[in-house]
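Across the two complexes that follow, chain A remains constant while its partner is chain B and subsequently chain C.
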Partner chain A sequence: MRKALIWIAFGAALIALPHGLSFSQQEILVFLTINILVVSSYRLLTLTGEWSLAHVVIMGVGAYASAMMTKNLGVYVPVAMLMGGIIAALIAVVLSFPLFRMKGFYFLIGSFAAGEIIRLLWKHFRDPFGGAKGIKGIDPMPDFSIGIYDFDFFEPVSYFYFAGFIVIVCLWILWRIERSPVGLTFHAVHWQDKLAEASGVNLRAYRTLAFAVASGFAGIGGALLAHYIGTINPGSFDLDYMVFVLTWAIVGGTGTFYGPILGCVVLTILNEVVLRELGFEQLRPLIYGAILIASILFLPNGLESIVQKFTKRSAKS
Partner chain B sequence: MISKLRAAGLTRRTFLKSTAITAVGASMPSITLAAGEPIKIGFLAPLTGAVAAWGKPGLDGCMIWAERVNAAGGIELEDGKHPVEFVSYDNEYDPAKARTGATKLIREDGVSFIMMLGGDTWPGVQPVADKTGMLFSTLLPSDLSPDSTTLLAPAEVHPIYLVTGVDYLADTFPDAKTVVICAQDDALGLPSVATYLAAFEARGIEVLEEPLLFDPATTDFAPIVTRMLSSNPDIICLDTCYSDYVHPICEQLFQQGYKGKMISATADFYDQMIAKTSKEFMEGFIFQFPDFDDPALSGDNINFEDANGFYEEYAKRHPGQWGAVSWEYASIMDLWKAAAEQAGSADPEAVMEAMKEGGTGKHAFGDAVWWGTELFGIDNALVGDWPVVVIEDGKAVIKGFKSIPDWYDQHGDLLIKHMQAYNQMYDQRG
Partner chain C sequence: MLDLLAQTGLNAVYAASYISLVAVGLVLIFGVMGVINFAHGELFMAGAYVVVAVYADMHMPFFIAVVVGLLFVGCLGLLMERALFRPLRDNPLGGLVASIGFLMILQALATMGFGVRMEFIPPVTQHVVQLGENISIPLARVYVIVAAIVLLSALWYFLKRTRFGWALRASAQDPQAAELQGISIAQTAKIAMFIGAGLAGIAGALTAPLISVNPHMGHSVIVTAFIVIIVGGVGSLEGAIIASIAYAFVHTFVTTFYGGVIADITGLSLMLIVLIVKPTGLFGSADRA
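Moving on to the complex of A and B:
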């Protein structure tokens, strides 16, 4: 009962949240919501012990696929978003054949190369990918009404509700996967790979599964982004963005489900709201970098370690 | 009645658009100003990151412009004089952040006009412009299209002005007959490549191989330069490379012993380029953006007020920081101020109407015409003369002004041909 009440209060807070923000903060909230899905899906892959540098490019695969399906084939936007996720997952399966011949650092570099190949393909083939300029005029999510609320998807509040709903459903699925025997096997693949293999676990199949599922959700994130801003180009999914995803995961911590989400929320608010409001707009990269170094030095287990400290204390008392 | 409205151009699309503008407009802050209240101008450009060199110096120039205007009493509208104030937002050259910035500037800060660099960031902002009717400016006319009715390109006619540099090169060095072009593969590089190809073809200069398009993430330019030099060209063309590319490419050209001519859209911070190479190596480097202490900018044909004084003040405050865009945003503000004073209002629609009245305007480098239907599908680019600049004895010197419309009248078909080949015509984009 208490748990249900907490969830209801949390839902109500999420519904009320955008109304307490300024217009630009509402815009940032939309992008933050999408980034939460991207970084959470990235964590699923890290459960198997592999860190990829292609995750943002795979997100772009979902964005391009969804944008092209709506623009060229007239597919209904929500269906195209789902298809974007599926195509991103399928591309990940194809990439897994060469990539999972490698492990650790070699996988990291291999994934970077694979991602760059995809980005170069987008640039090289102006038809159908639009080349360096990418795709513009992507169909927005069609407006609709549910009686008590009219969804106008130009407005960030409406898009936040839509994207927030999708992201919550995706996070719930990711959570269930992690808590399932499959999720436990992902952990085993990371920490006890020899033992798992000796027990009959197909390591490569499980790594591929984690890579494909993570990519599918990243693809949905990319599609959500594409249909909101209406334009994508190869630069939208470059290494800079990937570095942000990595720092959200590292600073937040990947030991818990909420760690990367915490990192994403805290660092985005810091970078996009606090530093801009304080008038440090042009010094943001410098200050952001300094805070990252400080957090790695003084919080080696990420921001999640602070939460764990407090929750342990309250459990003891 | 309906047929009359249709005849006047009211389609389902324009009806829906105007309804949307009305609906969103209802939630917009009013641009009506109280007497003496500052007029806010939005500055939405990259202030950090790889493209910051085409944003930050422009903001610095605008601050000087605002101080000068405010010291002279401000901008005179119907209800009296108003000081001017710039509100900036760093879009990091990212369309999503540009959208957020445009929303903030319009809906929170209540700006009357927004200046942008444009390029990759404009498509992110366009829906906001469509919905709000806000007047925007870009430095890149390649953003213009019939759909972008509230977007103007009043300062820089990139990349069309590049033809003036090639004309100067061909006139001055008739023996230089072969060229190799390199450019970053992006929204700035590609239309430039098409323009240079047209300009070289117009003057009978042979392009030795396909333009070398490199990834914007490139940091090692040695292989690119080696490949360019392998065909032994008379001219190396650096297209519209960012300064982060122009500098290392020139350094590599110097180190690999290149002795021929060089032409580029920009040579931002060329003193640093000379320091990395040599004065002799950079002698004769042709580009398009003058230092404003040039005596040629004190002539009667120049509409930028006290260009030499502006440069002096800029150099005092930001030594070594003068770049291609240092004056451009300020020159757009000259046009905006004149139009607002003529209209007696800061209302975006009234200012735009006043700015385009008569189809002519006072561009920084002389009187110009609103132009662009063939290339951009809309006459929203202010085009006239453009200077050709050459480095002589370590200093940028204007060698003359050349007319862009005159060149286009003779060779426009070539430009359209190459623009089409690179999918850069307004009806091919996206």
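Moving on to the complex of A and C:
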């Protein structure tokens, strides 16, 4: 009962949140919502112990797929977003064949190479992908009404509600996956791979599954981004963005479900509120770099380890 | 046609020389420290910016700027060793992540100090060596080739013929056994970081007048270096040099005949194929990853 009340209060706070913010802050809130989905899906991949550097590019696959489907085939936008996620997952399955022959550092470099190849293909083929300039004028989400609220997607508030709803549904699915036997197997694949294999777990299949599911949700995140900003190009999904995702995950900590989300929220607030208000916007990579180094040196388990110190009773998870 | 092939081959030799300097430094750091230095491309960039500051802005002679570049970037390497890699020695992923952080800091510093625009560097020499009717190479590129040959030979001599080099190779092979023999791991780590970073710095300094110097130039350098060390086998110096030459030829020829993006795709695909077929690389046997 008390738990339900907390969730209702949390939901109400989320609905009220954008109304206290300025227009540009509302836009940042939309990006933050999408980034939360990206970083949470990244955590699902890290559960199996692999650190990919292709995650943001896979997110871009979802963005490109969704944008091209609405633009060239006239698919209804939400359907295209879902298809973007599915295509991202399928590309991940294809990539898994070469990539999962590698482990650890080799996987990291291999995924980096695979991601760069995809990005270069976008850059090279002007015909479907628009070359270096990318795809412009992507159809926005068509307006609709649900009776009590009219969605007008020129307003970031509307898009925040829409994206927020999708992201919460996705997070719920990710949470259920992690708590299911499949999710426990992911943990086993990471920490006890020999034992898991000896118990009849097909390691390769579970790694591929985690990679595909994580990529699918990243693809949905990319599609949400594409239909919001309306223009994407190969530079939108470059290594810099990947480093930010990595920073959020590491600063937050990947041991718990909320860790990466916490890292993403805290760093975005720090970045947008503190740096921008103080006029240090140019220092952003410098400060991100310093935070990344400081957290790996002094807080190797991330911000979540601070939270855990205060809430020790949640030790059963 | 023959002229074009010869000219492209000559360009490939030039590319091979600076790529091998960068890749050998990366392999040396990996061998001794067990860390893949993601910031290696930014060390190359730092070397190039030293030339911008010392040669283009302060009008000092070019070769002084190159030496300053070597020393400055070597010291950056020492800083990385002390501040990042030594505390994170027990955390295999930690060093890599910390070097990504260092990369962002260096990039931001370059942007703040010099701006995002491309730097103009007055050419060191306009002289062009004419080797045939249609075959020529700018003298500045010859400098890079000569420097690479001299530095790599010196490094080879140092590693194979001196006591320090012997200690370095020992601690790359087996750190614990080396320490038991009285070799100071901290000492060899410092030497390896200084040489490894310094090689990247001098490569950046020497090529600075020939390429576009900007804060994001490190990206393509590190991608190239990764391809080379994977193909050559992580941890193998000879492999890195051979792979540099092979990669430079493939990349230069594909660029000349099919364009730069296709050449990049070819290089990355080669690396993926090597990773799939023979993850230890064509010449590597060491496996510390």
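What we mean here is this: the second predicted complex is superposed on the first by the 311 of 317 C-alpha atoms of A that agree within 3 Å, B and C clash if a C-alpha of one lies under 4 Å from a C-alpha of the other, contacts with A are read in each partner's own complex, and residues count from 1 in each chain.
By our rule, a residue touches a chain if its C-beta (ideal position, glycine included) is under 8 Å from a C-beta of that chain, and two chains touch if they have at least 3 such contacts.
In this text the structure is predicted, and so the values were computed from the model without any measurement.
After superposition on chain A, the partners chain B and chain C collide with one another. In the superposed model, A:12 makes contact with neither chain B nor chain C. In the superposed pair of complexes, A:133 makes contact with chain B only, with no contact to chain C.
Look at A:102: by the touch rule set out above, it reaches chain C but stays clear of chain B.
Applying the stated contact rule after C-alpha superposition, one finds that A:110 touches chain C and leaves chain B untouched. When the two complexes are overlaid on their common chain A, residue A:239 makes contact with chain B and with chain C alike. When the two structures are aligned on the shared chain, A:120 is found in touch with chain B and with chain C.
After overlaying the two complexes on the shared chain, residue contacts for A:31 are found with chain B alone; chain C is out of touch. After overlaying the two complexes on the shared chain, residue contacts for A:22 are found with chain B alone; chain C is out of touch. Of the two partner chains placed by the overlay, only chain B lies in contact with A:231; chain C stays clear of it. When both structures are laid over each other on chain A, chain B collides with chain C only at 111-119; the other stretches in 21-29, 111-119 or 183-191 stay clear.
Shared interface residues of chain A, touching chain B in one complex and chain C in the other, are 120, 123, 239, 282, 284-285. Taken in their complex, chain B has these residues touching chain A: 20, 24, 47-49, 56, 88-90, 93-96, 99-101, 103-104, 107-108, 120, 123-124, 126-127, 131, 185-187, 189-190, 215-217, 423, 429-430.
The part of chain A that touches chain B in the complex is made up of residues 22-24, 27-28, 31, 120, 123, 126, 130-137, 140, 154, 156, 225, 229-231, 233, 235-236, 238-239, 272, 276, 281-282, 284-285.
Residue ranges on chain A touching chain C, taken from their complex, read 51, 98, 101-102, 104-106, 108-110, 112-114, 116-117, 120-121, 123-124, 239, 243, 246-247, 250, 282-286, 288-293, 296-297, 300. Interface of chain C with chain A (complex): residues 36, 84, 87-88, 91-94, 96-98, 100-105, 107-109, 111-112, 219, 223, 226-227, 230, 261-262, 264-265, 268-269, 271-272, 275-276, 279, 289.
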